[in-house]
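Starting off with a structure, shown below.
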Amino acid sequence: MISCLKAAILAGGAGTRLYPLTAYVPKALIPIGNKYVIEYILEYLRANEINDIVMLVSNNEIDLLKNHIQDGSRFGVHVEYSTAERVGTAGALDAAKELLGQTFLVYYGDVLANINLKKMMQLHLTKKAVCTLAVSTAVPIEYGVARVDDDGRITYFEEKPVLKEYPVSMGIHIFERDVLSYCKPNTDIAQHVIPSLLRDGKRVYAYMTDKRHYDIGTFKSLEEVRQLVENNKLLF
Amino acid sequence: MISCLKAAILAGGAGTRLYPLTAYVPKALIPIGNKYVIEYILEYLRANEINDIVMLVSNNEIDLLKNHIQDGSRFGVHVEYSTAERVGTAGALDAAKELLGQTFLVYYGDVLANINLKKMMQLHLTKKAVCTLAVSTAVPIEYGVARVDDDGRITYFEEKPVLKEYPVSMGIHIFERDVLSYCKPNTDIAQHVIPSLLRDGKRVYAYMTDKRHYDIGTFKSLEEVRQLVENNKLLF
Amino acid sequence: MISCLKAAILAGGAGTRLYPLTAYVPKALIPIGNKYVIEYILEYLRANEINDIVMLVSNNEIDLLKNHIQDGSRFGVHVEYSTAERVGTAGALDAAKELLGQTFLVYYGDVLANINLKKMMQLHLTKKAVCTLAVSTAVPIEYGVARVDDDGRITYFEEKPVLKEYPVSMGIHIFERDVLSYCKPNTDIAQHVIPSLLRDGKRVYAYMTDKRHYDIGTFKSLEEVRQLVENNKLLF
Amino acid sequence: MISCLKAAILAGGAGTRLYPLTAYVPKALIPIGNKYVIEYILEYLRANEINDIVMLVSNNEIDLLKNHIQDGSRFGVHVEYSTAERVGTAGALDAAKELLGQTFLVYYGDVLANINLKKMMQLHLTKKAVCTLAVSTAVPIEYGVARVDDDGRITYFEEKPVLKEYPVSMGIHIFERDVLSYCKPNTDIAQHVIPSLLRDGKRVYAYMTDKRHYDIGTFKSLEEVRQLVENNKLLF
């Protein structure tokens, strides 16, 4: 069942937070340990029996990425490419719609995670969801936050807390094809598409996990992931 | 009244998130527009009638900073220095305790803000607070977050939302001298001192603002501040 | 004849001049256009009918490089690996001596060039050389230089001149096996081995070219090469 | 005599070789030890009794530099400013000609050196030179170079040699006012002006030294200077 689920990997993106590194290397091709980010993702998807991949890329990195991954056979998967000029994450899905089926996985190309995609797919089907988001209750936010009573007195303070009542989106979604009608050029999945689905009362579900994901989108998180990989504490 | 309030500026700190820039320039001496970060801070404090400054620095940057700021007269303030080797933010206060009075301001050296410190001091006095934190209800968190009902259905989703019930600490505090007894070497104000004060039932208050602060601790936020300054949209 | 010439590629090296980029990506795996530096080198060698490669690497990058290149079949060549901890370029050859034959090519892993290796090999054989260096009469030096007469008057001045009487070594050598006896741990080919060969009166010859090579060892030269590749002005 | 010599410091310049550092800090304001580059230069000039400075800057850095140096009194010198948009080093002199006298020193803003400017000025006067260049016989070039006999045999090879017959310009010149007539917008002193002076048979002399200068224009040389300063091996 899951084996016919195609994955759309969002592998474009300017990578501004990793500048100037990304002036030399696209985010998906940053090495961590003995592999490149995109290779971790392909292996993870294959381990979850997802072998059909559509790589959504911008013109900047298509040549290098294509040359590196080719048809994916070297990694045991089948890879197609869809190119579009920086049109937002939803715009990239729109541009690739011919290559996508009834149900598909959307995976952010700067995310390393280890959730069970089969179970996520089961939940998606059971709930008859139009859209299922993997969300984590283990991601700390970057600030010190307080709670304040009516008198202005602080009743709670925590530095970089995990706010469990606000689980964090991991950048891994399952979409029904209907969602594509919400995907317009220059729009963003998180900013525009999901809020619109909710506004329209569509069935949007959470696949909740207490594991965290890692995005390699900042130097700090990239360093963190590199440490974890180096110490064999993170096995993808 | 506020004019006798001394300010302790936390100007040390490794600046790892701005690496490799901070391998060449200490955070406090990064230029933005026609001034250095620390100069914005000194001007802001002076505009708020705080003229007595203790600069808490580590041995790495003391020589350059001292040479740049000297006794502060060039900036219309009076500056003393306290050096301690990377001992945490609370440890740095502990090391400087001889230079601090009964009530003092603690200001993080990578923060640019524009709150009214006189009003903050008034609140601190009115509430007979031991510790007052400036907190903002305008700082967006970095993730997309959801709320999920008992069935797992997502009822709310927002990308980079401001969570108003969790106001964010801006790195500007007023402390009574009692707080120093909570400041030990290798401890951190946000991680250790404030939670301990709360645990002991001390009077900790919030000076709440709907303006946001900017920390220049990451390339992204540094860039944001530079844009704001360049476009004259941020006047400190 | 040349087809049995093995090439030893010096692919280790700290890459300090490309720091901080090289903190994230080994020099050989920096992308330029649609390929990685090492891929340009392998293609160039294969185009010159050199199909047997020994990759000399340090422990830092061996895993990633091996995973990327594997046995080389993807690039139409056969690749073996020799690992040694930062022991100098000559030390790395010494460590790999079991894998090297009677005559072999030594190629610096941060060099892109397009000289005719067959002709170089012919020269090497004709001259019965122990060591042949490819040298270029087209590489400008980085300074403004003068010539001065006895009175101190400047008779010549040129900014970044090519000094044709001092042709520049391109980082491409052909060595007879005898040279290995000059290769000790922690010694350098250019600093120690070649001067020693000359001191001992060995037959060291120049394969002279008026084409220039490009090393990608500095940001400036990397940028230059990227521009050339982008504009199709440099075809390797 | 020398005390009426004005110095024109070339403090603009894109600093591309220090990118991305120079995206945040102009070259002249990079800190080394407890001082900024420009402060070393001002101190050095003052120690050589040159107290009148014209700072040639581009619009990008004028505000910050002016705010930092102001009229120079803090550094015991008198500083004026001349702004021109990236017009080349000679173009910048041309733009500043109203501020320059009969004889003046030209000093590159990314150079740290310790030659005796009085002696240089004496030579300039004794030789009745129109232009005197400080040149060093102690600067190694960046390559391995050979000498080759008619048979193609290498007779000399040295890695990063000092070529004493080609002394290197240190970026410190004394000019008579006549030279300004050779300075046009978008021309360069080293590339255009000095060769033209020679072509016209003007009296161009060398002030030769066996000390080397340091330019901080690349990460490698910046690091080298930082080490020297840290170890007190370089006293400017």
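First chain written, first letter: the chains are A, B, C and D, and each begins at residue 1.
By definition in this document, contacts are C-beta pairs under 8 Å (C-beta built on N, C-alpha and C of every residue); 3 or more make two chains touch, one makes a residue touch a chain.
Source: prediction; values computed, not measured.
Undergrad: Suppose chain centres are the mean of their C-alpha atoms. Which chain sits farthest from chain A?
TA: Most distant chain from chain A: D.
Undergrad: Do chain C and chain D face each other with the same patch, meaning over half of the contact numbers show up on both, or with different patches?
TA: same
Undergrad: If over half the contact pairs have to be identical by residue number, which pair among C-D, B-D or A-B is the repeat of A-C?
TA: B-D
Undergrad: Take the average of all CA coordinates in chain B, do the same for chain D, and state the distance between these two points in whole angstrom.
TA: Centre-to-centre distance between chain B and chain D: 41 Å.
Undergrad: Taking each chain's centre as the mean position of its Cα atoms, how many Å separate chain A from chain D?
TA: Whole-Å distance between the two chain centres: 52.
Undergrad: Find the geometric centre of each of chain C and chain D from their Cα atoms only, then give the gap between the two centres in Å, rounded to an integer.
TA: The separation of the two C-alpha centroids amounts to 33 Å.
Undergrad: Send over the residues of chain D in touch with two or more other chains.
TA: 19-20, in rising order.
Undergrad: Which residues of chain D touch chain B once you look at their complex with the stated criterion?
TA: Listed in rising order, the residues are 20-21, 24-26, 29-31, 33-35, 63-64, 66-67, 74, 222.
Undergrad: Residue numbers of chain A touching chain B in their complex, please.
TA: Its residues touching chain B are 16-17, 19, 123, 127, 133, 135, 139, 141-148, 151-159, 163, 165-169, 188, 190-191, 194-195, 198, 203-208, 218-220.
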